[in-house]
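Two complexes come next, and they have one chain in common, chain A, joined by chain B in the first and chain C in the second.
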Partner chain A sequence: MSPTKKLAATAAFLASVLVAVPWAIAATGRNDLYYTLTSVALLSIASAGVWLTFYIGRINIGQGAYALIGGYTSAILVVDYGVSFWLTLPIAGLFCAAASVLIGLPILRLRGVYFAMVTLVLTEVARLLALALPITHGASGMVSIPAPGAIRLFGVTLVPDFATLQNPRLAFYIVSVVLMALCYAGLYRLVHSRMGRLCLSLQQNEELASSIGVNIAWLRVVAYAISSFLGGIGGAMFAAIAQSIYPSSFTVTDSVNFMLNCFLGGLGYVFGPMIGTFVLYFGWDFLFQTGEYQLLIYSSLLIALMLFLPNGLLSLRPAAKKRG
Partner chain B sequence: MEQVFANGLYLGAQYALIALGLTLIFALMNVLNFAHGQMYVLGGFITYTVYARLGLPFVVALFASGVTLATVGALIEKFLFRPVIRRSVREESTMLLAAAIAFLLDALILLLFGEKQRGVPKIVKGVFTSDALIMPYDRILVGILAIAFIAAFVLFMQYSKPGRAMRALAQDRVAAQLMGVRVDRYSMIGFALGAMLAGVVGGLLVAITGISSGIGGPISIKAFMMVMIGGAGVVGGAIAGGFILGMLESVGLSALHDYGDITYLVIFAALMVFLSLRPNGLMGKPWG
Partner chain C sequence: MTQLLQVSQVTKRFGGLVAVNDVSFSVAEGEIVSVIGPNGAGKSTLFKVISSFLKPTAGEVRFRGERISGLAPHIVARKGVVRTFQETTIFRGMTVRDNVIIAHHLRSKANLAGFFVGSATARRDEAEFGRSADQILNFLDLGAIKNEVASTLPHGLLRALGIAIGLATDPTVLLLDEPFAGMNHAETKRAVELVRAVRERGVTVLLVEHDMVAVMRISDRIVVLNFGLKIAEGTPAEIQCNPKVIEAYLGSEDETIGLLP
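Entry: the complex of A and B
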């Protein structure tokens, strides 16, 4: 794609999510869609992190742990220390990144199924920690977290206080979508940079990459840290929107879902996790009408998708191109 | 002390049997069977139905669980895993499939058997008591049965023709194929056998702890841990992992009793440290 085309595509995407979607929602009066779309945006941020670990050839089922850590970091700072939410958002991300460096250094030596299983256990560890630590208030969780306050720079209000807004849902939606756009723009840039190529070499053959001078240990820790940073941001934002966080806010199921989002969209495509999250979340919501058969139909569809489209939804596109 | 030890041994025998099925499937097909816990639950419910509802003998119920799960496993391998493995670019795709199958089984179990916790009448009455040890007879029986199953499985893998074929497959798929092992057939048998083991343990344990539809996921996680401790894809490792986890759980529950519900937290933390020192588990091949 040429730079102008890229720019046009980005502008079109931003215009549709920031202008067209709110307009359509206002026109139809489906205000509940804001919450769904916000969730999709945030979950797709966390899924983008998982996708990055897939990109270096690791199966990550531990994103729920970082989302939980991020959510708690932000919530504790806001509630117990009175820090502004907007400040806690990057702090939560950085805290997760720091934690993931400590955890990642030993476990990133593992590969394949071993890494997958350890990260799965990690999600469980995070949940149990949240239950056991005194600072997280145990099983009752943290509730009624205040809404994000205003950002003022030199007396100019850049972001209004969310508590005073008439429609905080719209505000949360805008913030989440902007975050998501930033995240995917960054991810796209990363994948198409020198480091992205190096990550790809890791995915294909670590020994070979190492033998030609790629610092694989450093690279995979950095990739894992970025991945966890995204998880933390997503979790922190989620806690702010739900205004609560519990040890069960992000469980093994969520971790598995993050992974499924990536698979479904296609592991070979940067925007795969975004599409995957969107389809999975809306599919699940849509199937709610089927009542007790919801899970049955949902899982059958997943299996069917896997049988007929084993390389993700986005793999449809290049195939169509080849034929044409 | 003896009590703790006996409890650990009893738990370990159950766990080892669960881990054996998981590790067998992994060794043969390089598939991490997320649905293993759900297969266990399904087995438990089938035993419950046959034994408690239809009133047939426990052995028959156990047999029904094993056969049903073996059939389910074989069908899943033939119609789901085989085509996906053949066609996908990346082998991780099987994980999505396995997760989806776990969801599917969860949904089916919920629809067929409901969400209630189910138990069955005791299979043997009475409690064994001595100075140091108190153990209900049914637990002893189930423990012995589990150990018998483990022994039978090991012997089967070691000396029977399908067992030899499956070990060859686990060692090197291509080489096994070149030696004339029918890879597809033995993959299917292996998957069926793994699923059968899960179902049999479910059937055994329904007699002690009962069964409910939500415990599939946690059981899978425990099974993963055992396999990690022992090393993925190794029969001896799965047995060792099962007994170690059972023992840790039993010791932890009695030793850490005063600090609240942190046994599993401690086990997880220890596992992380252990794996960073020995990434392949006790007996695993390098890099699984």
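Entry: the complex of A and C
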């Protein structure tokens, strides 16, 4: 895509999510949609992280662990230490990234199904830790987390205190969508810069990559740390919106869903996880009307999609270019 | 002549099996040296030890006097000792040109953050890599297929692509793992010329090979392994009439050891 086209596409996307969607919601009075769309935005941030681990050739079913760690990091800092939420958001991401370096160093040596199995266990370990550690307040979790406060710079209020807002749902929606846009813009740039090429070389042949001088161990850890950073940010924001976090806020099911989002959208496309999260979330809600058959229809559709569209939904684009 | 690569008393054991036993030889700058031997002689193991994909049980490999055995493969590659692969190991999903461009990784002056923000150095690097990749591809007669996806290429071209990837790293020593395996007569002839042309570029070549005819034609010196031991070393003419070598290959047709033209 040419730079002008890219800019136009970005502007159109931002205009539709920041202006058109709030307008449509105001016109129809469907305020509940804010919560749904905010969830989609945050889940797609965490899914973007999983997508990046796919991009280096690792099946990651452990993003729930980092979402949980991120959520708790932010909640504990806000509730027990009175730190501003806006400060805890990057701290939660960085804490998850640091944790993932320690966890990733040994486990990233594993490939294929072995790595997948270990990451699957991570989510469960994180849940049990949240139950057992005194700092996380055990099974009752943390409730009534105060809403994000104001950001003031030189006496100018940049972001108002969320507690004083008339429509905090709209504010959360805007913040989440902006975060999502930033995260995907960063990811897009990363994948289309040299780092993306190196990740791809790792995905396709680690031995050859190291023989051309790529420090594969380092690159794997960096990609995994970025992935976990995104998981932590998503989790922290989620805890702030729900104003609560429990050991069961992110479970193995969530980890699996993050992975499914990537599959569904397309592993070869940066925006795959975003589309995947959107379709999967709304698809599940939509199927609610089918009552007891919800799960049956849902899983059958997923199996069919993976059989007939192995490269994901985005491969349906008429001008679908590989690795577009 | 300066000794570029020195293999000293290298031994590699796998459990009770001694795959390489106390092998020593050296490679001088600008030479083409071949390691040959019957099946199971330990050629591939020795090759992996030299490229540092395996650690020797005893002994060491030195490059320009500096010990390289035991270092990570990417560090050995950074020092200038680069290997190609026996199987058609390439980045299958990328185009031929992208395969070669990515292999320029070692030459980049900008760091990853520079590439992320698109700094001037990074843009210069990208442009330079593209030019250099085109030049290497033309050099190896791959220019016409540079936009094909690598997985669709036939065997012989993949081998050439493997060499192109190796060349892109700007190596001092290129280690070729069975560059002529599975090739017919015409392909082998072309590949032999190609390896010579690589040497003309100032690259020292160490190759491990099965095809005796090609080896005799191309090598300055030959090292012969059998059951993990070095049984002979010398020029092609010396190797051809070495009784130990003939014995090791006994039962083979004369033609396969290159005794007949």
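Some points to look at:
Just so we're on the same page, the second predicted complex is superposed on the first by the 317 of 324 C-alpha atoms of A that agree within 3 Å, B and C clash if a C-alpha of one lies under 4 Å from a C-alpha of the other, contacts with A are read in each partner's own complex, and residues count from 1 in each chain.
The rule is short, and it goes like this: a residue touches a chain if its C-beta (ideal position, glycine included) is under 8 Å from a C-beta of that chain, and two chains touch if they have at least 3 such contacts.
Note that this is a predicted model, so its numbers are computed, not measured.
After superposition onto chain A, the modelled positions of chain B and chain C are compatible, with room for both. The partner of chain A that touches more of its residues, comparing chain B with chain C, is B. Applying the stated contact rule after C-alpha superposition, one finds that A:Arg194 touches chain C and leaves chain B untouched.
When the shared chain is aligned, chain B comes close enough to touch A:Val121, but chain C does not. In the superposition on chain A, A:Arg111 contacts chain B only, with no contact to chain C. In the superposition on chain A, A:Ala98 makes contact with neither chain B nor chain C.
When both complexes are overlaid on chain A, the residue A:Ser210 reaches chain C alone and has no touch with chain B. Within the superposed three-chain model, A:Leu18 lies out of touch with both chain B and chain C [touch as defined at top]. Here chain B and chain C sit at a least CA-CA distance of 10 Å once the structures share a frame through chain A. Chain A contributes residues 189-190, 193-195, 197-198, 200-201, 204-205, 207-208, 210-217, 322 to its touches with chain C in the complex.
By the touch rule above, chain B contacts chain A in their complex via residues 26, 30, 32, 34, 80, 83-84, 87-90, 92-93, 95-97, 99-101, 103-104, 106-108, 110-111, 217, 221, 224-225, 227-228, 232, 260-262, 264-265, 268-269, 271-272, 275-276, 279-281, 284, 287-288.
Those residues of chain C that touch chain A in the complex are listed here as 51, 53, 72-74, 77-78, 82-85, 89-94, 98, 101-103, 105-106, 108, 110, 112, 115-116, 118, 122, 126, 165, 168-169.
Contacts from chain A toward chain B in the complex involve residues 54, 59, 103, 106-107, 109-114, 116-118, 120-122, 124-125, 128-129, 131-132, 252-253, 256, 259-260, 263-264, 267-268, 292-296, 298-300, 302-303, 306-307, 310-311.
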